[in-house]
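As written, the chains take the letters A, B, C, D, E and F, and residue 1 is the first residue of each chain.
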């Protein structure tokens, strides 16, 4: 009668849904963790089942970064919230020039969320983490009532180690530096918009969601004098350049023509009244390095598959107003400001 | 993109700039009002003003539907959403427009009002079909371009017998505003030598409705597309009319605008709407026969009747020069709030919201006034 | 005002008067309720999910030709003219 | 006209609310971060404004732990979600015997949330982090639409360093070990319940929310042979003991009479049909150590203010079923099982 | 806690245990049914069975309102919430009770049904007042203890003229169930020597309604409180009646139970409810005059009439022995599903849900069957 | 069935028939709609937010006295009896 099988009835990963008991701390939660999270994210540190992971990092300076992921739709062309949550944080770690080591993942699940979707998400997180060689070593699960969440939110936190001799920070850009971008911009934002039912448009565009730490490793190995790296996510390239200009107390002069944008992305933006400079990316980076290293850095980037369309898009200039000025494709000049509010589809 | 990229060509632009500079008579002023915000946007985004000789100046007109919407109408829509608890559908452009008391639809939404952004009246119909128990109101704005899609939705709602959808109609008529601008121009108002006529509005209404401009006001009109070469070509056409002392309606945007316009859309508008006796335009005041309301046969779908609201006197922000800017008599930089208290993040007036608003365009593209380096290279 | 963009019709559902248009690799569903006799292959001006009007290829080419002509005339006369900036 | 003040109009921390633009990546978000998060959480690493924090940890093994915090109500007797988010993660780090070093914090804000409440929460987080000597060095902010969140969720992640010679893990309990608890149980859960409008009861009970790392530092210094530490949060002492028993493959024998419970907590539980063994704690720990170290460990715990009511509550026994058995105050014996589902107020 | 702690005293328990052991005649069996789940819970939680001589056995009765609720009623409530989209208010105890198809209110809530847990009918009234536009249904369950609070809510709803609150009434009557148990006892059913009578039910109905038990069934009854000393004292009183061949209704729980009970509450119940001709009890079948419905004058507040639903034949889980356990003829360990497929996390039957259910009590407190170490120490 | 617990009335609002009861330092609001003539100081049995009945102090003491007596009688007769366990 009494027996030792911990969970006599398996979690129903086909028809089941998340309910409040999955966040209660009791056996239903233990079962969710065992049969879903541990099953996919399988690694020795996680399997210990402690509330924390213990590891011995290589010597050197560490970086830590955290990001909450709240995307809608959860599944989009080129990825889902699970793969994105891995890429996003790995990239923020890598943007210090660091090698990512470990990830932590905290899930906030909404009551009623299908376990099948959760399993797909966690599986894809696991695959992504595997491919990147960066395991999810500790985690947490909470459940909120229906109407107090949005399916699933995933907050990931990463730690990584910075090679010696690398000093990368948003406040190090200097007049004379070159500004580079690692590839075509705007793909992620447009891929997401294309799944918004009411916009009714279709493209072949996939999110560029990707991990950039290997590209960064090549870059810092070849050009250790890089000053800034940042991934132009929310707010797009325009916002990231403004952030960097402000942090470093400089201005920038960029050339619209030099900025790689796919024609489909351009077309979708025209349709919706958006500007690709403000559209989110999830697998691109902005790099700023001394002007005379720029060609060398560009060559290294182009040699890596994730930087093959890299381009030098402008240079850092002195400017007390920290403006980003752009020479337009048409030959005019404009200020590229921060995004104000949200970028919404417009009619005029 | 066909019909787009060709009209953004840098080399042709340089050549057109050269032609304008060559033909413009240095002994006179060319004060050209671009009626439409679309033109304003193109002028700033592509730096067209940089390419003009110093005696040719663009004056920004009132042709931005967001900018001319009086604050009271936003207050009214907000009251419908909050007091009558309707599901208010609106184009994204309206979300950040300041209403009384520094409020906005964005803030009302944050406070719990049920406000949905739509991209098309097709979405409005879908939302209404999906929530039959909920009263849905479409906050309709726009000139003659945006009006026919509203007409389609109204007819569809009637055909499907929807009882939960109504329309808060704020559609306005371009020629009426143009007449007001011209009637108040002159020594005390804006001084105008020519008009860049509406682009997409004209697609619908055709070029004929502008005949009164040269006839009554002795001012030339060139209907112009929204691409930068369109604007430049139309500018050259105006320069030539002025130089040659011609005064007529010309059509630069022939690929999309005919004399008679879109007759099907016009018929639809005529069926579904009636002209209001008067309507308030921000900056221009109450203009006679300048806006549309639902025709009597569709009056049961009129949100103003279904959800009457009582709003106080709207409170304009002190110091905001939007009204004067919309009449063309002031520039954004004449406003003390510009760039200090009024920025796109914290707009004080509607002209700072829409990317077609003169203040927003000026902020985004024209704020930095040092000569752009590449201007030298041209 | 009135953001609108030309796109090519690639498919029409006559039952609903809904068309698929294509623009630089992007497909979008729009309503043809406002235009008569639009055909697959036509370019239409798209605004808030509706076709406003057909575009005339012929007129477009004539306009471009005129622009070229206006510019060329000048280019021969005053090569390299650099008008001063004014914001 | 143009001028360099970045945010001409200050954030309205009295009347303002969160709106979608605060999560857009644009200037509204930058302003929220500068005028609210950085203002309160003020420290050099955060002030750099990078997407990650860079630091040089002391040599040794590191631990990382993450927890999402989703509590309702956000403000409760004895704390709020901000202080809790600091304590909760510091404690999970400390439960490896570690000294916590740094925290990361990711906020998910619901549209419409009052900025005044957010400021109170972040200020309290900052105070708590300050008192604990563990700065919040990196963060993230997302905004979700109304009805897709619950005011604010805060996910914190902590890293810490484990002193040499300390080996603490949930799978190390052995028959003969003693089981200790650091103080009165159930305070947090009852304090939260007392604020649920519909239960209509009042107590003087405050949440026990507190950081335990200093207590732990004393404990591991004096008794380095501690086998397990865990904070009995969700699911309470009963669930934590079951987790540890299961992880270590042992059973436990505990004595109801030895478990410290405040009379008010007991009374509230009687009223609502709850069992204090399953009620959450946020400032208590369970320690398991070799039986002959137990009295020494107890003395060290009692010498620290956060362990002054510590008690030895039972011992680890061999049991293939991994049961927790309890001698009841009445003199009977019962199995103390995992919590099934949520613990809800009952009528029968 | 006064009136609580005294009745949990370990020393007195040991002495009472000694007395029972001494007085129990080794030559006979004492098969005592504790009618109430509250007794079952106390017996397991405090290990009372351990303190009894081997020939004295407690048989668990049907006195758990959650356990005896037939699956069809849960299905019905779920259908009201899902099909009629009512806001269903219910005590937390019901959330996890299995309905047809392995569903439950908890799962229906996760799927979007609007289900609110309440602690009191006062909450129900508050919820209904706060959402006047929403139909609110109170899923009322319980014996005579929980019935009067429902009656108060019904009267209040009427007095306040609420039109959005109605009651899905599942209140059942204890004496009727007791009669059925006794009528089917004997060689083919459960064998009973005495009854521990209801505790809090008797607070309301008094001790008189049990007079039929000794009269008709020649079985002694001792009304017993829910604290462990109450149970033990009442057990000793039953042992003495049996030893002395007395057969009467005795009242151990005198501090809360009188002969006539709570007359005010009884009057309220009589006014607001009527007795149903029959009602299904899980395990016991359809019992005549065993449950309450709203009286005709309150029929407009009856959710069954306001929100009729059509549910299929409820599907009981194969192998679940709840019915036999509720009749006292089987024990949880006789069920093949116990502890394998049926656990408190995944209950297959209602007896595994409520902490008063025999299966849940057995799982939580009795599963580990090795002799408890301290049993030796007694 | 029917979780109920005795608590002491510490305050009564006669207008609403709502009382505050106290139990081990916890205060709770309950309804007195089901009992007559409850007074501050009385102990009442609380169930789902209602007082079901008053408790009789006298009866409680007599019950306890009886329990003690029943037990003591035995204790003298068979000190240390240890009945066998049966689950």
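Basically, contacts are C-beta pairs under 8 Å (C-beta built on N, C-alpha and C of every residue); 3 or more make two chains touch, one makes a residue touch a chain.
Given the structure is predicted, the values throughout are model-derived calculations rather than measurements.
> Chains touching chain B and chain F alike, please list them.
Neighbours common to chain B and chain F are D.
> If you average the CA coordinates per chain, which chain's centre is most distant from that of chain C?
Centre of mass proxy via C-alpha means gives F as farthest from chain C.
> Which angle of rotation, from 0 to 180°, maps the CA atoms of chain A onto the equivalent atoms of chain D, to the nearest 5?
Angle of the fitting rotation, chain A to chain D: 180 degrees.
> Taking the mean of the C-alpha atoms as each chain's centre, how many Å separate chain A from chain B?
Chain centres of chain A and chain B, defined by C-alpha means, are spaced 38 Å apart.
> Need the CA-centroid distance for the pair chain B / chain E, whole Å please.
Whole-Å distance between the two chain centres: 71.
> If you average the CA atoms of chain C and of chain E, how far apart do the two points sit, in angstrom?
Comparing mean C-alpha positions, chain E is 76 Å from chain C.
> For chain A, what residues touch not just one other chain but two or more?
Residues 2, 20-21, 26-28, 200, 263, 266-267, 270, 273, 321, 340-341, 346-348.
> Identify all positions of chain E at which a residue touches two or more other chains, and write them in rising order.
1, 4, 14, 37-38, 50-51, 64-65, 91, 96, 106, 119-120, 122-123, 142, 146, 343, 345, 356, 366-369, 372, 375, 378
> For chain F, write out the residues touching at least two other chains, lowest number first.
Where chain F meets two or more other chains at a single residue, that happens at 1-3, 5, 23-24, 47-49.
> Can you give me every chain pair that touches, using the contact definition above?
Every pair of chains meeting the touch criterion: A-B, A-C, A-D, A-E, B-C, B-D, D-E, D-F, E-F.
> Give the list of chain B residues in touch with chain A in this complex.
1, 4, 8, 10, 13-14, 37-38, 44-48, 50-51, 64-66, 91-93, 95-96, 106, 117-120, 122-123, 126, 142, 146, 228, 343-345, 354-356, 363-368, 372-375, 378
> In their complex, what parts of chain A are in touch with chain D?
2, 4, 6, 20-21, 23-30, 48-57, 59-70, 92-93, 95-96, 98, 102, 104-108, 137-142, 144-145, 147-150, 153, 155, 157, 159, 162, 169-171, 230-231, 233-236, 239, 243, 246-247, 280, 320-322, 338-343
> Give the list of chain E residues in touch with chain F in this complex.
Its residues touching chain F are 1-4, 6-7, 12, 14-23, 36-38, 49-54, 57, 63-65, 91, 119-123, 142-143, 145-146, 148-149, 152, 198-201, 203-204, 226, 229, 233, 236, 252-256, 262, 264-265, 268, 356, 366, 369, 371-372, 375-376, 378.
> Applying the document's contact rule, which stretches of chain E touch chain A when the two form their complex?
96, 106-107, 109-112, 333, 338-341, 343, 345-346, 367-369
> Tell me, which parts of chain A touch chain B in their complex?
It comes out as residues 198-200, 253, 263, 266-267, 270, 272-273, 321, 323, 325, 327-335, 337, 340-341, 344-348.
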